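In the two complexes that follow, subunit A is the common piece, with subunit B as its partner first and subunit C second.
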Partner chain A sequence: MSATCEYQAKDYKSDLKPIWCPGCGDFSVVQGIYRALAAIGRPPHEIAFVSGIGCSSRIPGYTTAYGFNSVHGRSLPIAQGIKLANPDLLVLAAGGDGDGFSIGGGHIAHLIRRNMDITYIVMDNQIYGLTKGQLSPTSQKGRTTCTSRYGSLEEPVNPLLYVLAYGAGFVAQASPTDLAGMAATIEEAIRYPGFAFVNIQSPCVTYGEEAQQIKGLKAISENLTALGHNPADRLAAMDLAQHYGQKLHLGVFYRNPEPAPTYDGLVRERQALLSKDAPPAENILDLFIKK
Partner chain B sequence: MTTRGIDYASLSLKDALDLAVLIEEEAQERYEDFAAQMEQHRTPEAATFFRLMAQNEAKHGEELAARRSSLFGTEPKAVTREMIYDIEAPDFDAARAFMSPRQAMKAALASEVKAHAFFVAALPALKDAGVKALFEELRDEEVHHTNLVTAELAKLPPDSGLSDEDFVDEPAAQ
Partner chain C sequence: MRKDLVFGMAGSGGDGIVSAGDSLLQAAAAEGYHGVMTKSFGSQIRGGESSCRVRISTTPILNPGGNLDVAVALNWDDFLKFGAELPVSGNTVVIYEAATKILEADIPLVGVTPLQVIAVPIAEMAKATAGTERAKNTVVLGLIAGWFGIGAVAVMKGIRKKLAKKGEELVDANQRAFDAGRAFAMEHPLKVSMNVAASATKGQVKLITDGNDMCAAAAIFAGCRFFGGYPITPSTEVMQFFTDHVWKYNGAVLQAEDEIAGIGAAVGASFAGTKAMTATSGPGLSLKSEMMGLASIAELPLVIVDVQRGGPSTGLPTKTEQSDLFAAAFSAHGDVIRPVLAPTSVADTFRITIEAFNIAEYYQTPVIVLSDQEIASRKETLDPIDTSQFKIINRVVPTGTDLVDYKRFKQTDNHISPISHPGMLGGTYLASGIEHVESGAPTNSGSVHQRMNDKRTKKFDPLKERKDLFEVTGNPDAPIAILAWGSVAGVCREALEMAQAEGINVKLMVPYLLYPVAEGIYNEFFRSVQRGLIVEQTHLAQTFKLLRMHIDLPKGVQSLARSGANPFLPTDIVEALHRLLSELQRSHEGQLQPQE
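Moving on, here comes the complex of A and B:
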């Protein structure tokens, strides 16, 4: 037991008051992020936090990190640009299930195959809350909303299987039902050297269904460590991930025991290699002049 | 309600007092956050109540901090806020827009009960007699607080019978 942390959770909390609905799961998610960042110990000015659009995408503003509440579904391309421009930054991306798996769904695959050292936190509430309760990509089949008056006919996207299938090196799930576990999971994701994905089941108190509130989530929660799951076993992780929507497995589904090189790391290497033969900066335009 | 990295068997009186201060500090902040949320969502009665609770927690925290200071001066702390999770602070999902004073008090009552349960659960693991006495004192204080809130609750008129759903806009087709 020691108090060696240079930074405390409160150092990452901004003066801006969240305008989420009282009781929203995102209040606990931001607390989990503060605590994870305190454990990591990077100063706020070395952290870039990018989000898309939606209730949960307000989250960067509630931290003292550099924040960018960007364009709907585009948090990941922007986060990648930031990481490439300044690889020394700790880059976090966040958003909701609609932002990540509908509007921005096409970007995840490319971030995963590049394996950039970015942590992506999705606050999955199975609904578009900000726009007053429309069907989202993770809404359960049969769900009645204002855009599915007679019940949804679609199967939901399974975010865990989605990222596992594309080959993400770190995949985890957390929930406000276990605050300590959530903070620890986010911390572990940030520490992973490569793309890390954390799906957080964060209840919408206004448009969410009863079963998706804290009490309902607690009833279906199972801790992966307690289940004896080996996070190095990708196939076992995929097997467990299939229960998304029926069970709430908390913890690390998959952590690649031999993390692949990151794209940002490879770019650095390439730059170092090419810079040896690069012309001096004052002659750079010569490259474009035919001789 | 949980803790991380605290070994109760080796907890010293200094650590225990620091822990108690942190527990009050966490609760105070949560009540302040709740009050701000209520003000933002036009729920002034609940906001006033949560502010009052924040003041109470601050007062208890100051008393404990003064005790710690008189016994141990400025000796460095070995416990941090990162080690405690919602011991006496109401759960994040306990707040609701348009909650009545009765609902706000019930949220506070649940927190006092939760804090009592924490001290009761920790007691068997404690070895130090001074720490044990402190935890017993804090446990008994929680009983006192629970009784106070229960008495205040009894004075309130019954709720309107409206639910949260009555205050939510009907979903509108876009």
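Moving on, here comes the complex of A and C:
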């Protein structure tokens, strides 16, 4: 487990130069992650940081943790394999809205129901940036992009309602409009003992719409604590989450006051129970002996 | 006295025909015989037709056998649905349910006159003795004990053990049904006695298991401690075995939400430093292919078991085929080599699965084990395996100076770089599906891509020299050759013995390593060959084509390929060899006579 020495944000910053466009919201997100990790103080080599494909999925490489920039949409299955193989690790997953809610959209529900102790950060910018500006699952209906010249015909996914509905134990939203708040939210998510989801409204300066840039986001942002929201109230959280797209609520929507047991914890218990009197693996063929 | 008997039985799902096969196999093992049992079903969830073949022998068995010596039909509709899987010949004794009201002279087997046909009131005897038709399978076991001398004591001993918890009454009912069957057989002796000789190894310990369980057990033996997968016929039992046992060794299983997540979790576990595995069948292999590419470029050890069934798509989910060869060898996009291994029996599934882990760990690569429905679901009796002879290889990890300015993908003499894992101080790196420089940092450079492709392919050169992954039997200088892999290999081994007994100068190669194609080893094998057969259960002759892609096969080497669910019999192979032999004799005007 972790050494007791103190870490600073810069200890989590790698030498790789981000490929992001100048002004990209993801620069702030990675800063927020450095700060959160420093506050938690786990040494970088005890952290596994997994992503899929997309602009934001480059993020593990910009940290000094063990990174895994995998394939499109599959950060969560990989993260779960890591967690089950070594539950002592701090496991983070990150990616964009397309990675998490379109191509990989089938995985999040199952991670939520397994409640593994993994923190998932989605950098939501309502657009496919790496492929240069196509509709994403969180793009507004009617939006014109290079794959929707006449306007999108479909409703966007609401990531907050999605994870709340599946029963995630920790659901929060952050934005580069409030870096300190973002760092604190990510830290709280990581500290939550179970699956934690943070949706970060991270503007795309190249393909994003005017209203989704920092200025526009600031104009619609409201702090959940200031609103007097009780994060133990799941139904109130779902009520607030319905305003996704119109309002930018920042902070913790829901935090299960009685966190459920984690899958990785239950696996450990089962291993402890069943390994007690197990015959050695070298003798496994004895199972097939017929007298 | 016979040394070998092949039984084939078919009935409706509820007839307990497979459970009778299990009892017969276990009784045979208890009496020291070698045995192989295969099962085949319709694709109905419950009910429908089901069948099994049980081959029992006083000597080790190479395959489930050809034509049936004994056919048991509880009803003809179900029996006939299995077609070539239950072939009846002029040497077959046919036993069938008299309640079918079909006369012995009128049984619906076209173009064949069996050795003897016997109608037995099986259901009636079950009802009369056990009070229920559900004891039909026990009556059948009694008939077999009476007519063929197998299991007179051991069958009931097994049934007694199996039903012990269900009460003495049920055991007694079964005993009466069994005795009735046996008495019927005694009262109606066969025209030609078909008793099997006693086994010389009676009393020795035997193992019984199937290919899927053996595969999973071998994986755990090899140190695999993570399984990620998704249920799919006919591979699911691999995952089931893990869920029963791997926790005991501090391992874990994830039954994932889909095939992709199953292999994804296994990739993650391997990245975290744990030996990991997934298992699937055809459609699942297609779904997993992107992750296999990721594991290849990230150089992560991983074993993927593909239990082949008839394809494409859903195809024939409960029948065997070898048509995933191309899909395994070329399983994902990009220039990449992923080793493909294939066991040929339940027994060697142990060795081949361990070998797959050793190759995966040593070369830091995904390895595909191409099993098939027949091997996966067939049960074999096995002599105890001396497991101390198996060496377990673990991935090379960085130590000491490796960890100063650690480079995960460092170029080395053998192209294999020490691999760290999360938790290891000094070993942090970025694993990725994107091309990377030695440190792991992403790159777009063409020259780096060329170098890294070199690294990732040249590292396999020593694998292509592994003669121990090829079995060659027969005269090494023979002008006639057979080549077969997987479950078809066993048929060809028996065909080889039959051909040799006829004096045909022939040899057989069974490759356990299918990919990369070991050009040197094949070229050496084919040097003496003027006529040959590549035998496989694929429609497109995939093995033949894969070999031709890599080596110049002698002109006289032909393909003997057929679609799955159309099993080869040893006699099919011998017939084809006769054809080759006469071709050879014609072309050489007597220069190459068959040799003793």
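Keep this in mind: the second predicted complex is superposed on the first by the 281 of 291 C-alpha atoms of A that agree within 3 Å, B and C clash if a C-alpha of one lies under 4 Å from a C-alpha of the other, contacts with A are read in each partner's own complex, and residues count from 1 in each chain.
Rule of thumb we're sticking to: a residue touches a chain if its C-beta (ideal position, glycine included) is under 8 Å from a C-beta of that chain, and two chains touch if they have at least 3 such contacts.
Here the structure is a predicted model, which is why all the values come from computation and not from measurement.
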First, second, both or neither for A:Gln31, with subunit B first and subunit C second: first
Touching partner for A:Leu274 - first (subunit B), second (subunit C), both, neither: second
Touched partner set for A:Leu16, first subunit B, second subunit C, both or neither: second
Touched partner set for A:Glu46, first subunit B, second subunit C, both or neither: second
Touching partner for A:Val71 - first (subunit B), second (subunit C), both, neither: second
In the superposition, subunit B vs subunit C on subunit A residues touched: C
Contacts of A:Asn86 with subunit B and subunit C, given as first, second, both or neither: second
Partner chain in contact with A:Ile289 - subunit B first, subunit C second, else both or neither: second
Touched partner set for A:Asn199, first subunit B, second subunit C, both or neither: neither
Touching both subunit C and subunit B, counted on subunit A across the two superposed complexes: none
Touching residues (chain side subunit B, partner subunit A) in the complex: 2-7, 10, 15, 33-34, 36-38, 40-41, 43, 76-83, 85-86, 91-97, 99, 164, 168-169, 171-174
Partner subunit B, residues of subunit A touching it in the complex: 1-3, 5, 8-10, 17-19, 21-25, 27-28, 31, 35, 38-39, 131-134, 145-147, 176, 179-180, 183-184, 203, 205-207, 213-214
Footprint of subunit C on subunit A - complex, ascending: 16, 43-48, 50, 53, 58, 60-61, 64-71, 74, 76-86, 88-89, 106-107, 109-110, 267, 270-271, 273-275, 278-279, 281-285, 287-291
Touching residues (chain side subunit C, partner subunit A) in the complex: 26, 29-30, 205-209, 213-214, 217, 220-221, 223, 225-226, 228, 245, 247-252, 254, 256-258, 260-274, 276, 290-291, 293-294, 298, 350, 381-382, 384-385, 387, 420-434, 440-442
